[in-house]
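Presented below are the structures under discussion, each in the form of structure tokens.
Both of the next two complexes hold chain A, though its partner changes from chain B to chain C.
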Partner chain A sequence: MAEPLPRGVTAERMADALGRFRKIVGGDWVFSGEKVVSYYDPYTIPNDPERYKAHAAVAPASTEQVQGIVKVANELRVPLWTVSRGKNFAYGGAAPVVSGSIVLDLSRMNRIVEVNEKFGYALVEPGVSYFDLYKDIKERGLKLWLDVPDPGWGSIVGNALDHGVGYTPYGDHFMMQCGMEVVLANGEVVRTGMGAMPGNNTWQLFKYGFGPYVDGIFSQSNFGVVTKMGIWLMPEPAGYRPYLITFPREEDIEQIVEIVRPLRLSNVIQNAATIRSLVLDAALFATKSQYYSGEGPIPDSVAKKIMADQEIGMWNFCGALYGPPPVTDALWTAIRDSFAAIPGVKFYFPQDRKRRPDILIHRADTMRGIPKLTEFGFLNWNGGGGHVGFSPVSPTTGKDAIKQFRMVSGRVREYGFDYSGLMAIGFRELHHVTVIAYDQTNPKEREKLDRLFNLLVREAAAEGYGEYRTHIHYMDTIARTYSWNDNALMKMHQTLKDALDPNGILSPGKSGIWPRHLREGAKT
Partner chain B sequence: MKRRSFIHAATAFLILPTVLKPSVSALTSGLRNRDYVFFDERFLKARHIAAAWADSSRLLGVQGGDITPLWSNGLDRTTRNQPLNLLGVTTESFHFCLRILVGEHADFDLQLARLDRNLFLWTMCTTPKATAERRHG
Partner chain C sequence: MKHIALIPLLVLALADLANPAAGAEMTGKEVFDHYCTYCHGTADGPGTMQLRRTRGQDKALLTGRTDLTAEYIENVVRHGRRSMPPFVPSDLTEARLRALVEFLRSPLPGR
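Moving on, here comes the complex of A and B:
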């Protein structure tokens, strides 16, 4: 199989780079030929098989080896595509935007450098997964909880850098990061915040240090390679009480969100709870054909059958209470009384759920930081496995929620898919994540999905809704929607890129940020 | 301080659904002992196919298509320690997750055929990679 070369890089120069990488990391840790297949996007969207294909991969074991690799890449002008563990499958996996790039695979850097129970933090390398840290904490009997996203095999560092979210009170992962070690494109190592002071012992305790707070420029970016990161961990609470509240009608979302906002702002709702749609929850444990054999989205009659079978609603609010019983009792009273105003609402605790498997029993694990892979069940809804996330952000208002729901669900259903979405509740915003499941094996369905996705982005942008995260195929598309004041933000990104990585070797095209020599449309 | 075995998936990996479609008979012919047979309990066809292997293999029912409990309760350790011959009649998510997880510890050969809209029949032969010590600072 012939791997592509990046534009402007000869086969001889690439071979030179790979040879020098082998000297740095050892021959076993440079991958080419058939081994590169594992860095392909398993759910690639375009039908062109040459898009997003890596030429090779290199897997360093240490910060020093990363330094050596970027120095060689800089000298030979060979593009690297950095991945922590490469498990970001709804957003491209380990695949690079620029075909022919060498994947800088950090999964070998899997040291848990420190777990501090007293202050509640861990310092980890990018190869550490949620499964790894969870196991480590359990084995050592520490009274700490992780916050996990839905797939437990992902990188703690990678997820925070990509602005991922989880479902405990520590659900905003980038908010909970504290202190980074970063290798810059010139090979220099920087420690951010208090880590910049020799002998300081608050690197993972205080985020800001002295001077500009720079950690943010290394998230969703291509300005450096993060090789260590601090992450705050939640002390095990004195009590834990997960709950499920179901609502029978799609239009209930407007009232639900109006009720949620003040409860969340005042921390009565303590965690990053989610309002999940019928199909998203049903798809975890059932397939579409078990209920419906027709074409297109499920009709209302089938939706009602699913609701009855699985004891779920058109919307399902999964939350949890954390703390000693007198506290959680008081919080629950406020939550229950607030939602009781919605006709047809039902309230459940785990002991009320008899069916197995069950959505609340499953989510109860996730909301206490137990890493799992259960959510991949939605891949089976249509049977073909493909999925992509469309993730605009809106204010936590009922008006915005119903407007977004109608915009997105209307288009998704018009294109023949089922609406499968959730609204994840931040402090003041909703992440409206719609998972579009499609048949990966059908080229026409992939084309249809691509048309739909581009339409969704345009229509959302026209209403002022921006995506917070996206698949590699849409990074330029999304970046272009953040265009206020003649693209001033992108111009600033490009200024930073040119200053920190003048040869453009780090992840070109990440988040729509291109090095100077690849700008203005000449990108492949 | 220990180092965990390095993560790298095997060659027959992500593009299999579109490039390898052997027939069902080709997948099952010539196979004798299977270490484990996974079947999705929700589907009659899966139960029937798995039953045919009951004498020579350990049958493992997959509840709700979820690999998490099986992986966490021993399959993780087993794939690290010994070669395995696996067969499955499962949905997409199970074999997708399995090949990602197994690929971290073992090289493997996966053969896959789609039975119907929901189910895939697959075989997987795994060989553990050389283990390195996990680093722990």
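Moving on, here comes the complex of A and C:
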């Protein structure tokens, strides 16, 4: 099958680009033809087979090679689509927004440049996975903990740049980022913050340097290629005590979140804890068919059976305590006493959980930064493989939490899916992440999912709720909801894009940001 | 994964695999442990559970299978299948894929 070409790029020009890329990285590291299939979106949504198809991929091994590649791409006006490791699977994987793009695959740039135990940080390249850094820290016996998202094979750099979250006190990954090296579209290399000063030794210690703080413009964007990034690591605490609190009714979410807010704001809840729904937790280790063979979402009677079988609630609050026992004892007393007001609440520590596998035993690893892939088990619930996250942000109030829950769960169930969601607790907001698992082999189901997702975005935006992250298929849709003052923010993004990447070669369409020549429709 | 040690510290030998640079030689067992084991290495791994559901208990664990052809393994690794995403050739290289195929098709007692 002929791979697509981007609009305006001839086959001859593309062949020229690939030939020059081979000279830069070596012939073994340019992938085209049949080999590019691994860069397709594994959980595709649209039924049009031509959408989001790369033409080829190029895998540099160094910053210098990235510089060479972007210079060639600029000269020949060939679009690149940058991925760190391409494991952002619920959001499109390694697939580009613009069909025919060449994936700039940074997997081979996998050096751990430094791990500093004294100050608690690492400096890594984009190809370094959570598994990689975890093993390195363990092998060297360092007293440091990572913060990991659920997929441990993902890139530390890529996850932070996409505003990913984890579950320890260092759960906001971009907040824990400190200092970048970035290749701009013209091939120039920039180091941000203190890294801009020759001979400075605080690049990974102080974020802001002097002048405008620019690191944020390289996140969820297409303004440069991040080739190194500092990430802060948590000192191993003197004690660790994970816990699970279960609640029996869906409507409990309102009271739960009201209790959570002051506890989180005052750091009594220390970590990026999560309030997880019944199906999300049940699906990790069980399939829907074990409990229900009917059509559509599970009924209440089945939900109650699952709760009893798995000793979980309709909502499950997974948190952890970090520090010396006198500290964690005091924190636990405050947490337990606060939640005790909710009828039917149950409290568990790992030693209370006898079933295997078990949600708390699993989450206890994640909340101490052990990377895993266990969460992929939820895809076995239906078995269809596809999944996508709908992730609006909410204030940490009970009123908003139950409103969002009812809005989203109502629509999701109306369209025949089970509600499978979590509320990830930030300092002052909730990421309400609903994972919709669908049968990717069924075109009708994909079409139904697409209608549902667009409806969810519209209804959330009408209530002032915006998504923090999305699949490549919805980047334009989400970007359009951030429209205050006649789309002033997007206009600023476009101004930056035109200044930093005038030929529009870097990841066109990322986060709805298009280069000048591809704006105003007919983009792909 | 390559490592540039700026802080000289004792390197502790662990049973699990040191992370190799992309393109470095690995045995088939090492490839399996590095790329596959998180989903397919244990009885409650998500890949094992999926195969148990779709193929039955006797075919749930990949390391116990004798029916996998080279073409099938290569196809699933490169294209993905249902929940399993594909692995790109910059990371799981052609040489590593060949080693993995050899490992999964080797006689069971020697695996």
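Everything that follows uses one rule, which is that the second predicted complex is superposed on the first by the 524 of 524 C-alpha atoms of A that agree within 3 Å, B and C clash if a C-alpha of one lies under 4 Å from a C-alpha of the other, contacts with A are read in each partner's own complex, and residues count from 1 in each chain.
Note that in this section contacts are C-beta pairs under 8 Å (C-beta built on N, C-alpha and C of every residue); 3 or more make two chains touch, one makes a residue touch a chain.
Values in this document were obtained by computation on a predicted structure and should not be read as measured data.
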item: Chain A as common anchor, with chain B and chain C clashing or fitting; value: clash
item: If touched residues of chain A are counted for chain B and for chain C, the larger one; value: C
item: Chain B versus chain C as contact partner of A:K346, first or second or both or neither; value: neither
item: Contacts of A:K304 with chain B and chain C, given as first, second, both or neither; value: neither
item: Touching partner for A:N110 - first (chain B), second (chain C), both, neither; value: both
item: Contacts of A:D132 with chain B and chain C, given as first, second, both or neither; value: both
item: Touching partner for A:G377 - first (chain B), second (chain C), both, neither; value: both
item: Touching partner for A:Y40 - first (chain B), second (chain C), both, neither; value: both
item: First (chain B), second (chain C), both or neither touched by A:R519; value: neither
item: Residues on chain A lying within both footprints (that of chain B and that of chain C); value: 29, 31, 35, 37-38, 40, 42, 59, 85, 87, 93, 105, 107-108, 110-114, 127, 132, 136, 152-153, 285, 287, 289, 356-357, 372-374, 376-377, 379-380, 383-385, 440-441
item: Chain B residues within the chain A interface of the complex; value: 3-4, 6-15, 17-18, 42, 63-68, 71, 91-93, 96-97, 100-101, 103, 114, 117-118, 134-137
item: Contacting residues of chain C [partner chain A, same complex]; value: 1-4, 6-7, 9-14, 16-19, 21-23, 38-39, 44-47, 49-50, 53-54, 78-91
item: Chain A to chain C touching residues, read off their complex; value: 28-29, 31, 35, 37-40, 42-43, 57, 59, 61, 85-87, 89, 93-94, 105, 107-108, 110-117, 127-129, 131-132, 135-136, 138-142, 152-153, 285, 287, 289, 356-357, 372-374, 376-377, 379-380, 383-385, 440-441
item: Touching residues on chain A, where the partner in the complex is chain B; value: 29, 31, 34-35, 37-38, 40-42, 59, 85, 87, 93, 105, 107-108, 110-114, 127, 132, 136, 152-153, 284-287, 289-290, 356-357, 372-374, 376-380, 382-385, 440-441
